[in-house]
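Next, two complexes with chain A in common: one pairs it with chain B, the other with chain C.
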Partner chain A sequence: MAEILLSEAEKAFIHHGVQDDLRCDGRTRLDYRPIILETGLVSNASGSARLRLANSDILVGVKVELASPSPDKPQEGRLEFFVDCSANATPEFEGRGGEDLANEICRFLQRSYASGDTINLAELSILSGQQCWVLYVDILILECGGNLYDATFMAVKSALYATQIPSIKVATMDGDQPELELSDDPYDTKRLNTENLPCVVTLMKIGNHYLVDPTPEEECCSSSGIVVAVSGNKKITAVRKIGSGSLHPDSLVSMLKTGSDVGAKVNKTLMIKLLEEKNLEKSQKVGFMR
Partner chain B sequence: MSGNELLSDQGLRIDGRKPNELRRIRCSLGIFSQADGSAYLEQGNTKVLAAVYGPHEIRGSKSKALHDKAFINCQFSTATFSMGERKRRPRGDRKSTEMSTHLEETFSAAIRTELYPRSQIDIFVEVLQADGGNYTACVNAAMMALVDAGVPLKDTVVSCTASLVKDVPLVDVNHVEQSGGSPELVVSILPNSGEIVYMSLTQRFHIDHLSKVLDTAIKGCKDIGAILNEIMKGHLTKLDTSLQAS
Partner chain C sequence: MPVDSRRLQGPENSFSYKLLEKKNDNEEEAALSADLQKILIGTNKVRKDKRIPSDARPLCNVTITGIVSQAKGSAYIEQGNTKLVCGVYGPREVQKKSDFSLNGQLFCEFKFAPFSCQKRRGHQQDNEELVLSGLLREALEAAVCLHQFPKAQVEVNVMVIENDGSPLAAALTCASLALASASIPMYDLVIGTSVRQLPKLLLLDPTKDEEWEPELNHDEDNSNLTIGFMPSTHQIAAYVHEGVSKTEDLEQMLKLATEYCLKVQPVVQLCLKEVVEKTLSNESENKVDE
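Coming up: the complex of A and B.
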């Protein structure tokens, strides 16, 4: 995120654009910028996705590992999120510089996925109380071009959609020790049900109006907004107010309403596109070679 | 793994290459718009991103400023999902810190630092997928990013690895060959002058073999240099035509 300095005149220009429902790049208030999405780029991961939303670039890798379930939820697997802000995005992220932002996004991911409506963690259980799958979802932020939350959530959902979990059988019980048998066929895998995983909509308030998918310049003009996580079945799973300013309860309610409508639409479009991509041939991968 | 398996009786390596054959190299420049220079490089299954910022004012403590030349700041990180085993931290461990220092040394020798006294050049590399030769891929990618940023260089820097199995030198080793216990020689050179700017050797072999292995690595460097030169020219020609058109 190169540092953004806006003059008063530039800010006024953005304000007026939002008022007239015509933003600087020609979008209306509820339009997204173009998105490029590709899955299956990292062969060392069980599932991966790269998403580019204008200049925001996110790479997500999912690794599947065997572990023992937590004692309070013996019949469930786990999702572990980790966000890393790469110094490639901005020199300020060097060393531990990106940790604050990374933690913020990571916590919101955890909270949005904690709702029972999003993912059925029992799918990840192998042997109740003894063995389960843990999905390590590692998010790498390569470039910041505004609206990181939306981009991250879409990339995470896509990577989980593409994740292949190996087939495993509990073969014999040797005393107390179960013997697990992993399938010999690397293509003998199953995919998670990702239909209901949440997508996020960031709504930024500028003047008396709010807009989705803010550019860094617009983020600079706005003092407050909300991020809404909406699951595939149109339920809100987490909300957070962002920014230093304040919001009136009335506008909060209307923003939540718009957020959940837009979120449902984003979710639906994403699922259609992911299915389209799955049916493409593998040789058509582009990756970073454009 | 024994040397027999690393090199078959037919003289082919585990991934089907000949001993003096490089892995496929693909590279694209200018993939990020916010960095001053950026590059993505694939060497076989090793995939690396590099970004360059600067030369700019010294960030943070001013005591790092050098009065007669630019300060080169490098950071090496590895994506947590890049290897077979999941990594817990992308950077900050000893190996990454060591890599960063090596990169700083390599590029301080190649960049014309004397042109930018009291300023700083940042080079950030990120390994997205690791399959042996991470350091070499990082050097090559960072060099391409420096070219993309237009930072003046004494010469392009290129890096390559070599190994020795059954007295046969192998060029550009992959992860299996690297972890199989065979020696690994890493060199970075300035291809025009042939000067070595970085060299390291793990494991051991008889000193009589050194010149053979070193020659193989240097030959590999020069071959990679030629490939990267072509890519660079292609990129610049494309840039030139698009500028003429506009």
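Coming up: the complex of A and C.
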């Protein structure tokens, strides 16, 4: 993550703030920073979303393509995640600098979306063993203002929510090869069921307390924390410890509990907002110039 | 995924013939969670390898000295059929390319041998291996006294020779033994263990067949947890959870895992004690010779 140099005095200030439940920007420990979200910005993508969580800026594009399913899962489509840390975000990401972080996020996305309980990959199957949809989810990190995990997951969920999958029919079987027929109507599309897709909550431990949505400065003060992926039905789908410190089992359990509560709330709010946005008119789109 | 152009690339679309085997008995694939449980453990609550659910495979053939004779410290561990070697080099001068840090730095490399899993692995580290390396590093950083070797680096290389489930857990134990045998100062040993959650049942130290794999139909309350626990300081250094579970279940799993680690601690300590005694007696023998 972006390294920030903080003096001991600054660190102590943040520590005391967390202790008194009043952080530098006036939030309590369990408050998020303001989030700006818009979907459908990239016209060439099947679904896209741009999310700004204070200074973290994430752009997600989903491309829908046809492919043959993997031999071990003939009845399922697939999701492919790719995270790209743009060198614009911080100079450290230049060249291969952001690769480790990108890999970590990517793998965590894969694992938390892996379970059949979050996304029904059978929905993406067209012809068992022959054709399926592949959703390429490309994540671009444009600016790095702390809490990348949460921001990325929210943006991915929103982009998948907005993704339109064209309806396609298997018309005839020409020998072994199926002939696919794409609907003439460009608006004849379906959306995925995104209700249960996971949102992530990052909990960082500072002193004896933990907090959500850390700023880069706070991340710098903390040696350890956890990221919890919580699905729409309040179940935990993946967890991992981050940072080089260690945690006591009791505090870990309490962090998990808080994480799942907060995650469920975030998920619910996000779904409400996405529905609101969907019902808005096209002309009200804001775009990047804001 | 970048490919090594100097190596001859095999056909990209080859797959294990074992997949064909599975297709024949469709029943097993469509099995519901209850049936899955029956497959993994019989009606008399005994697993395939005759363990009871809360039983781990014995740590056997733990060898600490001389496995890799050129390394400063090394260890070899067999946990059932999971076999791995770890070599530790350093502390030595930090290579120029990495950033300056006053504290010591750890470099971890986690690699599966190409033939170690059912599916063939590539020669280059793939995404999963990179993430496992990162997890290993973060866990060991919590245990190693990094301030004791400022401006120097220690390299930890783990090679999985055979993977029969819980490779990360075995790697954590193995790496901390290797670090200890290399006389790297540590706060505590990290002992790794895995727990597989089935609906209403927890399996300690799962084998490859028992490990959680994302499935389409029966995924509720199915998950895998790997922890790295430091028994003397009672701290968790690594925590990775994948799959869908409730918070209460996670608490149960954590408890089972930590209890096991506390039981294993004396065994691991005994191994180290033997090494120390051996080296001391060798030294005194050498002195007599002089």
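We adopt the following convention: the second predicted complex is superposed on the first by the 287 of 290 C-alpha atoms of A that agree within 3 Å, B and C clash if a C-alpha of one lies under 4 Å from a C-alpha of the other, contacts with A are read in each partner's own complex, and residues count from 1 in each chain.
The criterion applied here is as follows: a residue touches a chain if its C-beta (ideal position, glycine included) is under 8 Å from a C-beta of that chain, and two chains touch if they have at least 3 such contacts.
Bear in mind that the values here come from a model prediction, so they are computed numbers and not experimental data.
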Chain B versus chain C as contact partner of A:E65, first or second or both or neither: first
Contacts of A:D117 with chain B and chain C, given as first, second, both or neither: second
Which of chain B and chain C A:R107 touches, first, second, both or neither: second
Which of chain B and chain C A:L247 touches, first, second, both or neither: second
Of all residues in chain A, those that touch chain B in their complex: 1-2, 42-45, 48, 55, 57, 59, 61-63, 65, 82, 84, 86-91, 94-96, 136, 138, 140, 142-145, 288-290
In the complex, chain B residues that touch chain A: 26, 28, 31-35, 38, 40, 42, 45, 47, 49-51, 53, 59, 73, 75, 77, 79-84, 86, 90-92, 122, 124, 126, 128-130
Of chain C, residues touching chain A in the complex: 15, 19, 22, 127-128, 130-131, 134-135, 137-138, 141-143, 214-220, 222, 230, 233-247, 250-251, 254-255, 258
Complex interface listing, chain A residues touching chain C: 71-73, 75-76, 100, 103-104, 106-107, 111-112, 114-118, 120-122, 224, 226, 231, 235-249, 252-253, 256-257, 260
